[in-house]
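Once you scroll down, you'll see the structures, which are given as structure tokens.
One chain, subunit A, links the two complexes that follow: it is found with subunit B in the first and with subunit C in the second.
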Partner chain A sequence: MKKIVDVSLPIGPVHPCFKEPARIKCETAGERVIRTEVELGYVKKGIEKIMIGRPWQEIIFLAERVCGICSVVHNTAIIGALEKISNITVPMRAMYLRIILNELDRMQSHLLANYSYCYTIEHETLAMYLLNLRETVMDAIEIMTGTRIMAAYIVPGGVRTDINREIATKICEALDHIEAELPRFVQMFATGPLIALRSKGIGILSVKDAKESGVVGPTARASGIARDAREHELLYTELGWHMIIRQDGDNFSRIMLRFDELFQSVHIIKNALAVIPEGPVRLGNRITSGRTKHTVEAPRGELTYDVELDENGQVIMISIQTPSIMNVDAGSHAMMKNLSSIADVTSTFISADPCIACAER
Partner chain B sequence: MTLLQILKNIVRKHSIHVCYVNTGSCNGCDIEILACLSPRYDIEQYGIYVHNNPREADIILVTGTMSAQWIDKLPDIWDKVPEPKAVIVIGNCPISGCAFDRPGALIDPPVSKHIPVSAVVPGCPPRPTEIISTILNSADILFENYETKTERKP
Partner chain C sequence: MDLIYERNLQPMKLVALKGTRQDQAVLDLATRLGISRQQMRKILIKGCDMMILENLGSRLEAADAASADDAVIDALSLPHLTAATCLLSESAADEFHRRADSGTPISELLAEILEAIT
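== the complex of A and B ==
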């Protein structure tokens, strides 16, 4: 069968809209995009391969360097897997601190994702507002852990350092600032007529397509699928977490869902800081041999670590399943099909918040 | 020094166009470059514009460990940049490979093996203030009397 394709247009790998290298090949007929294909592989380093045969003390730092944006959640996942293998109990205060840091990380990641989308649809004012708000969250992370990115805060059996009352007050002040500023930006995004033209009804991922392609995280929840790894953690439910779902599945609902989750994260951290119990933050134990699978909810979806250790604490087998690869695939097969304009390709790709470094490792 | 050269020196100091190329980094350095754009650090008040287009760049910021896919592509990008041009590498990865430089990894560090590098910013990742100060400090030296420099850049 002969295809009616005018121009095959490549976008990337170095493109003003992309933070990371990826190449989108678009087949266009006039201005209409018939189908797209995402070409990955530009940042493949083979991290899982160099992890094999190394002791677990080196693995936790390599796991953190899988992704710079969500480094905290990779740290949480690998430590969770190690603790599951060796039956290490975590003190209650350390569990609360882990949740606080994870939610702060989720906030900065969601703000960065929404910044990228606003920048891609050329609304630079809102993008800069959101990026400036992200600096407030980064300050809170820096006060808590000592550095902005790659904190290595979570260790087997607890967390590295405790927080005192002064640090808790500063985090609360940062959250108050976000709660005061963010509604204005959400209002700007929700009611802007030009933003609605570029976002509403574009890049629709229907429930059927979403279920077939197995999308996770905010991309799935914006298409009406209730899928979140946090629902299995009791402490999150106690701190006021509930599933946020939107039904439309277009670019607009994906971004608005991230805004909703930002408010929820603020709520969870404030609750955690209010009821955090006193006690030790770090207890010791030995790492033993065994194999396990551990799943946590990363900012982009479910993150699974499958780890096998021998009796010396060296890694025999490790495999990491990151959320972005499903979302990127769903993007190319369902979301970016039959778009009315070539300008919507980049914004639809960015709206699923693809993390190429996570996907390729 | 001709009047034209003096004029060029003044203008080049206040208009530095930047393109960043991710050659296999973990995103940590890239989001620190993005943080430079935010109103708190405000990279544009110093006359630095992040265009992310090699064809109109003066300085290329390279992050990442030089993965196998980029070995033939990065010299191409370097050729596309118009003169005067310079490369600043951000983070430990392009300098030494950082934690990834192990047997079996699909990388080929350092970046200076493939394209000429003018300045380095070590750190995993470096802070936004360090990135801004490196660009500002090195651009003055690199682009001053660029045409009349005796040793040509390779």
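== the complex of A and C ==
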């Protein structure tokens, strides 16, 4: 007779499926996972403490280094906070360029998240297709900013450099390539019977659990919670943004929602490139003292910077609330609870797109 | 849960609690319970896992919203100690609520709650 053994099983901190170190402690009864606990602290940067006492000219670069995957949105958030404190006006052309870059950043982040998920459920073919497609987006970011990550493209009062017609054409060509290729990959994911077996009905996040842990971004929207910081930005709505939500709250919904948002990002960037106005991309400005809280929609959800500057432009206090903190919390206490197989722990964890670098800012 | 090669997480948990937002959340909760920041940190490190500590700010915000409509629940900080930090079980919280409704002074119940979570 088969003997069922109850064990406490640790996964990680170093695991082939994890991009960054995290340890998941699983309490099991046979194959069933009763509850899990995520343990962080392996790559703690203490970047908030490093920023305190430094001038704003230094912290805008430090902010980008919170996360290598979504450095653009950290750049956007810190600059947005500084502009809010100092009442700095941004020229319209620069606002369009910021949206284009942020949506490219969202696309590469979503593609990387879905690649990680496919890799975790052992569908390496689809994973590599997605990773290859991500390179097209990374190339577009490089064409636009001059580098793949940490471009420091967004500066107070505008953006660092303008794009010409040639660059706009190259970005459009990259988007055309993605639009041509992506539906095939989405079809593979949506109709794959083995993918459905590993994804549908697995790692369900209920609305109650989602609200308790304050979950944000695609993870929240896949559980039917209509929450996106872009809804407060009029320009996004004008460019065709609308709330995308799904109701099931399982691994499959989270991945499919990111695919849906990829198509929307392509649409937004194309619209922005079609109607981008002429004019300057950067105006004169001066950073003043004050305190503000600024929230932007990062690829993983709401990213909030709470900043206080003194009269010399030095940071008195800063708090960075990254979306991964809430999403990993929800993953730990709700999504991975009562899983029927230990094999689903890593895939469910990855489906929430946890960024450990962000959580351990 | 007991792991055979578990390590001491106290230093890592303390680092998590020293974040700006987390520190403010600790202070708010300590003020609610009438104890010092150090005592509150000790209770949280002992009773909570690392993700709860990292996400303390958002969890307490959700608890604030949950307790906004009921003065007794708010005075006893029940959502803060149950759903937000998991320091108190739901059944124990219901019992404290029932006793508050039946006339037991809030200060007396707060002392008992403090004893229960310490």
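The criterion applied here is as follows: the second predicted complex is superposed on the first by the 356 of 361 C-alpha atoms of A that agree within 3 Å, B and C clash if a C-alpha of one lies under 4 Å from a C-alpha of the other, contacts with A are read in each partner's own complex, and residues count from 1 in each chain.
As a convention for this text, a residue touches a chain if its C-beta (ideal position, glycine included) is under 8 Å from a C-beta of that chain, and two chains touch if they have at least 3 such contacts.
What you are looking at is a predicted structure, and each value in this text was computed from that prediction instead of being measured.
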| item | value |
| --- | --- |
| Combined model on subunit A where subunit B meets subunit C, clash or fit | fit |
| Touching partner for A:317 - first (subunit B), second (subunit C), both, neither | second |
| Partner chain in contact with A:8 - subunit B first, subunit C second, else both or neither | second |
| Touched partner set for A:67, first subunit B, second subunit C, both or neither | first |
| Computed vertex angle (subunit A) for partners subunit B and subunit C, CA, steps of 10° | 100 |
| First (subunit B), second (subunit C), both or neither touched by A:180 | neither |
| Partner chain(s) touched by A:234 [first = subunit B, second = subunit C, both, neither] | neither |
| Contacts of A:20 with subunit B and subunit C, given as first, second, both or neither | first |
| Subunit B versus subunit C as contact partner of A:41, first or second or both or neither | both |
| Touched partner set for A:329, first subunit B, second subunit C, both or neither | second |
| Lowest inter-chain C-alpha distance for subunit C and subunit B in the superposed arrangement, angstrom | 8 |
| Doubly contacted residues of subunit A, that is, touched by subunit B and again by subunit C | 41, 44, 46, 49 |
| Subunit A - residues contacting subunit B, complex | 13-16, 19-21, 41-47, 49-50, 61-62, 65-69, 71, 112, 115, 128, 131-132, 134-135, 138, 148-150, 355, 357 |
| Touching residues on subunit B, where the partner in the complex is subunit A | 19, 21-32, 34-35, 37-40, 51-54, 64-65, 67-70, 73, 77, 98-100, 102-107, 124-125, 127 |
| Footprint of subunit C on subunit A - complex, ascending | 8, 10, 25, 27, 35, 37-41, 44, 46, 48-49, 211-214, 306, 317-319, 321, 325-326, 328-329, 332-333, 359 |
| Interfacial residue positions of subunit C with respect to subunit A in the complex | 1-3, 5, 9, 12-13, 15-16, 18-21, 24, 49-52, 54-55, 57-59, 61-62, 83-84 |
